[in-house]
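Chain nomenclature is as follows: A, B, C, D, E and F, assigned in order of appearance, with residue numbering initiated at 1 for each chain independently.
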Amino acid sequence: MRPSGRTPAQLRPVRITRNYTCHAEGSVLIEFGNTKVLCTASVEENVPPFLKGKGQGWVTAEYGMLPRSTNSRMKREAAQGKQSGRTQEIQRLIGRSLRAVVDMKALGERQIVLDCDVIQADGGTRTASITGAFVALTDAINGLIAAGKLAASPIREHVAAISVGVVGSTPVLDLDYVEDSDCETDMNVVMTASGRFIEIQGTAEGEPFSRAEMNALLDLADAGIRELIVLQGQALQA
Amino acid sequence: MRPSGRTPAQLRPVRITRNYTCHAEGSVLIEFGNTKVLCTASVEENVPPFLKGKGQGWVTAEYGMLPRSTNSRMKREAAQGKQSGRTQEIQRLIGRSLRAVVDMKALGERQIVLDCDVIQADGGTRTASITGAFVALTDAINGLIAAGKLAASPIREHVAAISVGVVGSTPVLDLDYVEDSDCETDMNVVMTASGRFIEIQGTAEGEPFSRAEMNALLDLADAGIRELIVLQGQALQA
Amino acid sequence: MRPSGRTPAQLRPVRITRNYTCHAEGSVLIEFGNTKVLCTASVEENVPPFLKGKGQGWVTAEYGMLPRSTNSRMKREAAQGKQSGRTQEIQRLIGRSLRAVVDMKALGERQIVLDCDVIQADGGTRTASITGAFVALTDAINGLIAAGKLAASPIREHVAAISVGVVGSTPVLDLDYVEDSDCETDMNVVMTASGRFIEIQGTAEGEPFSRAEMNALLDLADAGIRELIVLQGQALQA
Amino acid sequence: MRPSGRTPAQLRPVRITRNYTCHAEGSVLIEFGNTKVLCTASVEENVPPFLKGKGQGWVTAEYGMLPRSTNSRMKREAAQGKQSGRTQEIQRLIGRSLRAVVDMKALGERQIVLDCDVIQADGGTRTASITGAFVALTDAINGLIAAGKLAASPIREHVAAISVGVVGSTPVLDLDYVEDSDCETDMNVVMTASGRFIEIQGTAEGEPFSRAEMNALLDLADAGIRELIVLQGQALQA
Amino acid sequence: MRPSGRTPAQLRPVRITRNYTCHAEGSVLIEFGNTKVLCTASVEENVPPFLKGKGQGWVTAEYGMLPRSTNSRMKREAAQGKQSGRTQEIQRLIGRSLRAVVDMKALGERQIVLDCDVIQADGGTRTASITGAFVALTDAINGLIAAGKLAASPIREHVAAISVGVVGSTPVLDLDYVEDSDCETDMNVVMTASGRFIEIQGTAEGEPFSRAEMNALLDLADAGIRELIVLQGQALQA
Amino acid sequence: MRPSGRTPAQLRPVRITRNYTCHAEGSVLIEFGNTKVLCTASVEENVPPFLKGKGQGWVTAEYGMLPRSTNSRMKREAAQGKQSGRTQEIQRLIGRSLRAVVDMKALGERQIVLDCDVIQADGGTRTASITGAFVALTDAINGLIAAGKLAASPIREHVAAISVGVVGSTPVLDLDYVEDSDCETDMNVVMTASGRFIEIQGTAEGEPFSRAEMNALLDLADAGIRELIVLQGQALQA
């Protein structure tokens, strides 16, 4: 029995609220249980210098945690004068994951910036960010289509992400903070609607893990991500 | 007639939601119309170095804006590697305003950090921050009393803040972004329940302002802050 | 009786020395008693990026303290790698105060930078900076007129600034360091020759202040600034 | 046929040179073909603040590239004033990988810092770093044993790492720069002598990858790492 | 004939004003013609961490230029967020030069910080800084003796510095800015009253220089520094 | 007798290995005994902003030490977020030394960047850097000639550098770390093939030095640099 009372293969209640704030072209609050992340998509009609004049667009992401999104207060990165290694690692992951499902040529010479800011943290903030940012990105792109700036969507397919891990020898889906602090192996999986992987990051926190364990974790992740993609679709229909 | 349809002396709808997030000792979402600021209070059982062993506590504040809280995306200060002058000015103001109503000796050798993070901006974020942070601070202190760590509250009286300004020759209360961009004079007033001032910051954006105009603005602010203090009280009763 | 032997409404001896250094287009040493600030005005034939091609000029300011301008040595900001919040707050105030009396369109596409560097500090450095910087700015603009680069002065009227405060229940003018460290309320007032305000910043350091106290402080400031404007005029005639 | 003439499952020539420099407690030059990384291990008789007094040691890593280790000159991070996100990601990975095979309690209250500096880059610098750093770490620990500071080795088992990827639909082992720039999927695998994983990081650079492709890549990596562990053992015998 | 009308071996008029500001333990304005540097000495009753408990003192220096001390405005280093290489080189030179004439054991466990801030620049700011800082240091040390904190002076002998250079094939003493910009070889010499060198820094700006030229330059510097040491002595007598 | 068994006028064994790494246009490992510095020359077909359109080229240098090139581990400058004063001083010296022997007009509008990275340190890293960087620079320029981008070499003559010092009253050539830590006077001399000086930096570490001592040191340096220039020539012939 998991601390939250969930079965090993059970996601936390997931809630996706679109148009959560009013200024951004896409604005989504995604909740995985007590983890709450605000994902906004901002359309900018320019591209980074290395892409100038190449006839393609760009998708990138930034990530942050509010200082008291966590159990004990974290130092504010803006006051520290730099982003931690962890922050940079996560925002690079979010950016790569979304770029993988967008046709950059079809997007045209514009950039979409995804800001993922953690309002409340209880494990799984990076996977919630990817899953929510996809919805915000879709809203921003639909806005471009509605405004006649794009003829068709450059999004190839849905993408979502989930964490899986081995806790007390049992492979479980969607770890909350208590499980995450305690797990032997932690894996973040980013997958598309077609069941193919964009990113797999598995880390042994304590004991190294076997190939069999990895396979069990990937089975869990596969099912979890399929569920999330259904939820994304429902939110986008609403 | 104001762009929002309000009368000159009318506040925007104010909403104060306590316990907005689950980790902080005080957590308040304050809304002044479309301006939404999350104010958390974190209790730390230590004091900054300059107060070590002096038998008193400290209250301080940090302020930030989510990159897309604004109409066009602002650069993330953590990525820029420093806080802007405006950010530092605002967080220093919030800290001073709250310290002015707390008896630091009675607080004991501990620190309370107020984090004011703007989720959505439409003018008046610094005054909303002060008004909301007071409620979060009160919740945190009540928690210390409930835990037996304090015998009585070191808070002397309520404090709240509002902006006033001269827009098109008319003095108005609680400027939203459209009015703020357009006003001749902008004044932020921080006042206590006893009707005394903690801070007055008046700035001529265009034409300098006369003493008569300043008096009219202070009259408006006085009434507005009394309303806010009533709302704080109601929120704390709820 | 004040520590310096002055009456409540008495300024410290004020001395304004023009052409204090030889390179700048305007160079003024201003002394308020023991407070000494070197204010230089530098004309640059370009404008900041956000004003390019808008047919108007810009006036901005930077502020610094020499490490041993103060009683105990302060850390050098250049060595610390950043300007403090206080420094940024002050230099933003100086810039705003001077911009308020200059017609930016009439100035043309050029920038004037005021550098206010405190050689010796004894309270009131920001108000001395504004008062001295105005004289340096005037010299720089007169130089542009003499060189045929401007037909008429874009300066609308004089501006000067003074601090006032409540010390031991008495409102006093032009606080020195001893009074400043000890005051209940501290107010900086920036006013023009026509008696209108550009900036009022009042802060309760200890007890909040009443409206009556604020009015008494503004009366003192009004008289003090009128005196300073006369002294600016005399210095510019010399 | 691969650009280098290798078969899909073939490593580049690997060379491990111990005692490459004279000051460090462990100093290894590792070469994977044209990729050359200097890995030094420094023993420090203290631990980071968060471990003070906890009766355990720490292993950490830093990574850097010489500016002209690459085909076109990269900016020097020390001159830029910060380490890139990529650098931080890699050094965090190296640290985690080595910590996973060391018993921190058995190491005692001391820290071993692994510096991995790329002298020449041709793909696979992070996996070469992990593989070489393990040898440097072993030398440093053997030095502690020889000096009587440790009774037995706290190293549990060997660890090594290799990259695998899908290039032109073919899964290949140990990608060089040409292959890396061109691959559809890139995976870094960190594995122990017992055949268990410490870290798997798979990224789709172009097309997402299927589970079957992932399995093929893991098979390649498994064989490659076994070879590397043999080579580590031979180098340590020499 | 030199641009200033001086003979090759002639110093500019040198003026040394003690007690230029009121807070520092030593405060000297030194002028070499139009070059004006404020040198303050601050006594701190502690030493840097690397000297804690070693029974000796420390002397160090910091250097800065006011933004408009120069002909065209230089960017403020505090605003840039770092000190330039030139600044660091100069302040290291000043510190080394003064440490060389002070007996650190006799100074006791305290630190004297020399701040050399250039008010107006016309060449030779680093040599003026060393020459003036020695006087400020002496005043600070005499203050420690007067206060009974030191029994005798730890200063072994006077130190002063001057620049020499080859301008249009002629070796000249004490270059001003016009000469400095135009010289083939530039040499800064730091020498003690006993005629021995503490530092010689000779740089070919255009053509390399011969040993004969170097000897001619050292002869000039030797005479110039003797003059400066006489002037230091007279200032300290005054 | 010197600690290394050398005579006072004896260089350490010097080894110059060209083409040490494969990417740079010039790549030289230079060894002065145990001191090993990798010097790479990178040709960039652009110039720094201050030279744009002036029809001339530029030569500049950067310097770094690997963290464990030294006896005890130094902090990594990239992780510290800045280069030390010492680093900046050395890289400025290297750049000046090489610029002095290159005809910038003849080089054309391109820049050559010399990176000098210390792999192992045992005293004399800056003089080894200059001596080795000259060889790397020559290789890079010969590459430009071979590629038809330059008709003739813009290099006027060889340059090399050596340290000399007074150790235990004896003037000695090419100090290693043990001597360097212990010397009374330390001098770095940069000289050309024609026997003229580009830079002389002499510093009294303990006792000031006399003119006679300086002359003895320059005699030693002169002979040592002639030897180094012969070795450079032999390496370039090889």
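Here is the rule we use: contacts are C-beta pairs under 8 Å (C-beta built on N, C-alpha and C of every residue); 3 or more make two chains touch, one makes a residue touch a chain.
Chain by chain, the UniProt names read as follows: A, B, C, D, E, F = Ribonuclease PH.
Computed from a predicted structure; not experimentally measured.
Provide the labels of all chains in contact with chain B (Ribonuclease PH) and in contact with chain E (Ribonuclease PH).
C
Sort the other chains by how far their Cα centres are from that of chain A (Ribonuclease PH) and give me the top one.
Using the mean of the C-alpha atoms as each chain's centre, the farthest one from chain A (Ribonuclease PH) is E.
Give a one-word verdict, same or different, on whether chain C (Ribonuclease PH) and chain E (Ribonuclease PH) use largely identical residue numbers at their interface, taking over half shared as same.
Mostly same residues: over half of the interface numbers shared.
Same interface as A-B shows up in which of C-E, E-F or B-C, over half of contact pairs matched?
C-E
Compute the centre of every chain as the mean of its C-alpha atoms, then state which one is farthest from the centre of chain B (Ribonuclease PH).
Looking at centroid distances, F is the chain farthest away.
Between chain D (Ribonuclease PH) and chain F (Ribonuclease PH), what's the gap in Å when you average each chain's C-alpha atoms?
33
Please work out the Cα centroid separation of chain A (Ribonuclease PH) and chain D (Ribonuclease PH), and write it as a whole number of Å.
A distance of 28 Å separates the two centres.
Let me have the rounded angstrom distance from the C-alpha centre of chain A (Ribonuclease PH) over to the C-alpha centre of chain E (Ribonuclease PH), please.
59
Got the chain C (Ribonuclease PH) residues that touch at least 2 other chains?
Where chain C (Ribonuclease PH) meets two or more other chains at a single residue, that happens at 81-82.
Report the order of chains around the ring; begin at chain E (Ribonuclease PH) and proceed in the direction of chain F (Ribonuclease PH).
E, F, D, A, B, C
Under the touch definition given earlier, write down the residues of chain A (Ribonuclease PH) that touch chain B (Ribonuclease PH) in their complex.
That would be residues 21-24, 27, 34, 36, 38, 40, 42, 44, 62, 64, 66-73, 76-83, 87, 113, 115, 117, 119-121 of chain A (Ribonuclease PH).
Inside the complex, what are the residues of chain F (Ribonuclease PH) that reach chain E (Ribonuclease PH)?
Of all residues in chain F (Ribonuclease PH), those touching chain E (Ribonuclease PH) are 82, 85-86, 88-89, 91-92, 96, 100, 187, 191-192, 194-204, 207-211, 214, 218.
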